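Order as written gives the chain letters A, B, C, D, E and F; numbering starts at 1 within each chain.
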Amino acid sequence: MRPDQRRSNELRPIKITKDYIKHAEGSVLIEIGDTKVICTASIEDKVPPFMRGQGKGWITAEYSMLPRATETRNIRESSKGKLSGRTMEIQRLIGRALRSVVDLQRLGEKTVWLDCDVIQADGGTRTASITGAFVAMVDALGKLKEKNGWEKLPIIDFLAATSVGIVNDELVLDLAYVEDSSAEVDMNIVMTGKGQFVEVQGTGEESPFSSEQLTGLLELGKKGIDELVSKQKEVLSDWVLFIGGEA
Amino acid sequence: MRPDQRRSNELRPIKITKDYIKHAEGSVLIEIGDTKVICTASIEDKVPPFMRGQGKGWITAEYSMLPRATETRNIRESSKGKLSGRTMEIQRLIGRALRSVVDLQRLGEKTVWLDCDVIQADGGTRTASITGAFVAMVDALGKLKEKNGWEKLPIIDFLAATSVGIVNDELVLDLAYVEDSSAEVDMNIVMTGKGQFVEVQGTGEESPFSSEQLTGLLELGKKGIDELVSKQKEVLSDWVLFIGGEA
Amino acid sequence: MRPDQRRSNELRPIKITKDYIKHAEGSVLIEIGDTKVICTASIEDKVPPFMRGQGKGWITAEYSMLPRATETRNIRESSKGKLSGRTMEIQRLIGRALRSVVDLQRLGEKTVWLDCDVIQADGGTRTASITGAFVAMVDALGKLKEKNGWEKLPIIDFLAATSVGIVNDELVLDLAYVEDSSAEVDMNIVMTGKGQFVEVQGTGEESPFSSEQLTGLLELGKKGIDELVSKQKEVLSDWVLFIGGEA
Amino acid sequence: MRPDQRRSNELRPIKITKDYIKHAEGSVLIEIGDTKVICTASIEDKVPPFMRGQGKGWITAEYSMLPRATETRNIRESSKGKLSGRTMEIQRLIGRALRSVVDLQRLGEKTVWLDCDVIQADGGTRTASITGAFVAMVDALGKLKEKNGWEKLPIIDFLAATSVGIVNDELVLDLAYVEDSSAEVDMNIVMTGKGQFVEVQGTGEESPFSSEQLTGLLELGKKGIDELVSKQKEVLSDWVLFIGGEA
Amino acid sequence: MRPDQRRSNELRPIKITKDYIKHAEGSVLIEIGDTKVICTASIEDKVPPFMRGQGKGWITAEYSMLPRATETRNIRESSKGKLSGRTMEIQRLIGRALRSVVDLQRLGEKTVWLDCDVIQADGGTRTASITGAFVAMVDALGKLKEKNGWEKLPIIDFLAATSVGIVNDELVLDLAYVEDSSAEVDMNIVMTGKGQFVEVQGTGEESPFSSEQLTGLLELGKKGIDELVSKQKEVLSDWVLFIGGEA
Amino acid sequence: MRPDQRRSNELRPIKITKDYIKHAEGSVLIEIGDTKVICTASIEDKVPPFMRGQGKGWITAEYSMLPRATETRNIRESSKGKLSGRTMEIQRLIGRALRSVVDLQRLGEKTVWLDCDVIQADGGTRTASITGAFVAMVDALGKLKEKNGWEKLPIIDFLAATSVGIVNDELVLDLAYVEDSSAEVDMNIVMTGKGQFVEVQGTGEESPFSSEQLTGLLELGKKGIDELVSKQKEVLSDWVLFIGGEA
């Protein structure tokens, strides 16, 4: 039995509130158990210098935590004057994951900024950020579709993420912080709506793992992501029909 | 008539939600119209180096805005690697204001960190931060009172803040962003529950102002702050009796 | 009686030496008691990016102290690699104050840089900086008038600043460091030659203050600033007739 | 056929030169094809603050590239004043991977610094760094064994890393730069001498991948790592018998 | 004939004003022609970490220019957030030069901070800084001698510096800015009162120079430094008898 | 007798390996005794902003040490976030020295970047860098000559550097680290192939030196540099005939 009484293959309760911040083109508050992240999508009519003149768009992500999102207060990265390695790693992951389902050609010379700000943390903040940022991005592009008279969104597939791991020798889905901090193996999985892998990042710093364990973890992840995508489809019901097509 | 149909001496709707973040000793979401700030109070059992060994506590504040709290996206100060002058000025103001109503001797060698994170901005974010941070701080110290068996809180008086200004030659209370950006004179006032001034910061960059106008603005501010303190007393009803006494 | 035998409403001796630095378009050494500040005005034929293409000019200020301007040596901000909040706050104040009396339209697409470097500090360095920078700026613009054949300077009014405060329950004008460090209330006032307020920044961190006290402080400040403006008019006698007009 | 005529499951030529830098406790030059990395291991008799007093050691890694290790010159991170996200991600990976095979308890309160400096880059620099750093670390700990009279090294197992990927729909082992830059899927694998996974990091930004493809890539990686470990055992023949045991 | 009518072996007018800044233990304004530098000496009762516990003192120097010390305004290094290579090079030179004539053993565990702030620049700011800092340092140590009842100052010899160079094929002493900027060879020389070299830094970036030219430059430098030391002895007449002895 | 059995006027063994890094236009590994530096020359088809539009080229240098190039590990400057004064001083010296023998007019609007990375340090790293960087630069420009059909290289003369010093009252050539760290006087000399001085930097922080000693040191330096230039001519035999001419 897990600390919060969940079965090993059970996600925490999910809640996605759209239009959470009035100024942003797209915004959600995503809650996965006690993990709460504000995700906003901002659309800018230009691309970074390395992308200019190619007629293609760009997706970029930033991630941060409020100082008191955690059990003990963290020093702000703005006060320290630099981003931690952890933050950089996470925002690179979010951006890469989201880009994998966007048709940058169809998007055109625009940048979508995805800001993921964790206001309360209880494990799985990076995967919640990906799952929430996808919704914010679709919503922002949906508004653009209306305005620009696009036939479809420049989105190839749905995308969501979750964590899996080995805790006390048991394979579990969607680790809360208390599980995560004692896990032997910790893995983040990002998948498309069609069940293809976009990212697999597993680490066994505490204890290396076998091929069989890896296979088990990937199956558990797939189950969780299927449920997350269903949830996304509910929230994005207006846009479901306009997502898909070749990259 | 003001853009949002308010009278010149009318505050925007106020909402203060306590216990908004589970990890913090004290936390609120304060909403003043469309301005929304998460304020947390974190208690640390030591003081900064310059205060050590005096048996006294310290109050310090940090302020930030989410990138998309505003109409157009702001670059994160953590990405820029430094705090702007505006941020520094605001967090110095919040800290100074809050310290003025705390009996640092009675607090003892502890630091209260007040984090004010604006998740949606529509004018008056610094004054909303002060008003909200006061509530978060009292709540955190209230829990400490229970734990430490203090007779009273080390809080001398209530404290709230609002803005006043001159817009189109008219004196107005609690400026929303659209008013603020076209104001001739802009003033932030911090007052105690007993109606004494703690901070008065008025600036007439666009147009200097007379003594009579200044007097009018201060009266308008006092009216607004009285209402904000009433609201604070409702929300902090458990602690009202334990606030007061000499510094 | 005050530590330096002044009456409560008496300024310290004032000395303004023009043309102090040969390279600058305008420069003064201003001495207010033992506080000594070198103020230079540099004119640049362009404006910062956010002002381009509007046909208007810009005024910006920087403030610093030599490490040994103070009783104990301060670490240089260039060595620390960042400006303190205090420095940022002061330079924002100086810039804002000076802009309030410049007709940016008439100035045209130019930037006036005002550098205020404290070589010896004894209280009131920010107000001495404003008072001295005004003189340096007028002098620099005077040279530009000759060169450009302007009829008038793009200066609307005179501008000076002083501090007032409450020390041992007494209202005093122009606080020296020893008074400032023990003041209950500390207020900086910036006024125009016509006696209008440009900035009022009062803080009662040690002890909040009443409306009556505030009124008294403002009157004291007005008296001091009238004297400072008289001094400025002496030093700027060549330009007095060319100052004034609508913004 | 691959650009350098290798079969899809063939590693590039490997060369490991020990004792490459005279000052370091352990050092190697590792060459994997045209990728060349200097790896040094430095032993310090203390641990970072967060590890103090636990009687355990710590392993930490730093990674850098010479500016002209690459086709076009890169700006130094020391000149830019900050580490890139890529660098941080890589040095976190190297440290985590190496720690997984060290018995920190047996190591005692020491830090092993692993410096991986790429002097020539042609793909796979992070995996070459891990494979080389393992050798440098064992060599440094071997000298410590002699000095301290340890019976065994505090090393649980061998450790090596390689990359695999999908290029033009074909699964390939040990990607050179030209392959890496056009790969649909890119994966780094770190394994122990006993064939357990320590890290699996696969990314399909260009094209998501199926379970079957993932399985194929993992097998290919295992084959490569087995060969790399054989090479390590040759070079570390003096210490092979002293490696192993429980963490 | 030189631009300012000097002979090739003639120094510019020298003026040294002692006790220029009231707070510092030692301070001078040194003027060499139009070059003006404020030099202060601050004594701190501790040494930097790398010197602790040796019973010896330390001398360290910092150098800066006011933004408008020069013909065109320079951006402050505090605003840029870092020191330029030129500044670092100069302050390392000043510190090294001054240390060469101090008996650090006799000084004891104290640090002398020498701050050299150029308020007006016209060539030779680094050599004026050394010459002026020596005076400020002696004055500060003189006061310490009185207080501590030392028999002698911990100063081994006088120390001054000047520049020499080749301009239009002619060897000249003490280059003003207009000469310096067109010199083929530029050399800074630091010498003791007894005529020994402490630093010789010559650079022929524009044109390499021969042994004969080098010899001529060194002689010219010696002549200038003899005159500077005479000037120092006048200003420091109270302490001349207490300077000297073995290091 | 010197620690490594050399005579006082004897250089350490020299080895210059060309084409050490495959990507760079020019590259060498230079070994002077146990000091080993990788020098690369990179050619960029533009010049820095301050040189634009003059039809002339630019030479710039960067210098760094691997953390474990030294006896004890050094913290990386990229981790510290800034370059040390020592590094800046050295890279300014290298750039200035190399520029003195390049005809920037004939080079045209190109920048040559010289990267000197010390992989093992045993004294004299800055002079080895200059000597090695010259070879890398000539090699890179040689390739450009072929490509552009230049008649001659834009190189006026050969250039090399060495250190001399006074150790235990004896004048010695090419100091190894153990000598350098106990030297009374330390001097770096850069000379052209024709025996003219480009840089002379001597410092007697530990003990000032006389004219006679200076003359002796310069002669010793000349002898060493003659030998270094002979070595350069061997390695650069293909280009010797194409070097020379007026600047």
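Definition applied: a contact is a pair of C-beta atoms (placed from the backbone, for glycine too) under 8 Å apart; a residue touches a chain by one contact, two chains touch by 3 or more.
Everything quoted here is computed from the prediction, not taken from an experiment.
Novice: Enter the minimum step count from subunit B to subunit E; a value of 1 means the two chains touch.
Specialist: The least step count works out to 2.
Novice: Expressed in steps between touching chains, what is the minimal separation of subunit B and subunit D?
Specialist: Minimum step count, subunit B to subunit D: 2.
Novice: Measuring between mean CA coordinates, which chain is farthest from subunit F?
Specialist: Of all chains, B has its centre farthest from that of subunit F.
Novice: For subunit A and subunit F, let me know how many angstrom lie between their CA-based centres, rounded off.
Specialist: Averaging C-alpha atoms per chain gives centres 51 Å apart.
Novice: Report the inter-centroid distance (CA atoms only) between subunit C and subunit D in whole Å.
Specialist: About 60 Å, centre to centre.
Novice: Using CA atom averages as chain centres, what separation in Å is found between subunit C and subunit E?
Specialist: 34
Novice: On a C-alpha centroid basis, what's the spacing between subunit E and subunit F, in Å?
Specialist: 29
Novice: By residue number and range, which residues of subunit C touch two or more other chains?
Specialist: Subunit C, residues with two or more chain partners: 81-83.
Novice: Classify the chain contact graph as line, ring, star, complete or other.
Specialist: Contact map by chain: ring.
Novice: Beginning at subunit A, go round the ring through subunit D first and name each chain as you reach it.
Specialist: Chains encountered around the ring, subunit A first and subunit D next: A, D, F, E, C, B.
Novice: If we count contacts the way the header does, which residues on subunit B are in touch with subunit A in the complex?
Specialist: 21-24, 27, 34, 38, 40, 42, 44, 62, 64, 66-71, 73, 76-83, 87, 113, 115, 117, 119-121
Novice: Which positions of subunit D touch subunit A when the two form their complex?
Specialist: Counting only subunit D, the residues touching subunit A are 82-86, 88-89, 91-92, 96, 99-100, 157, 187, 191-192, 194, 196-211, 214-215, 218, 247.
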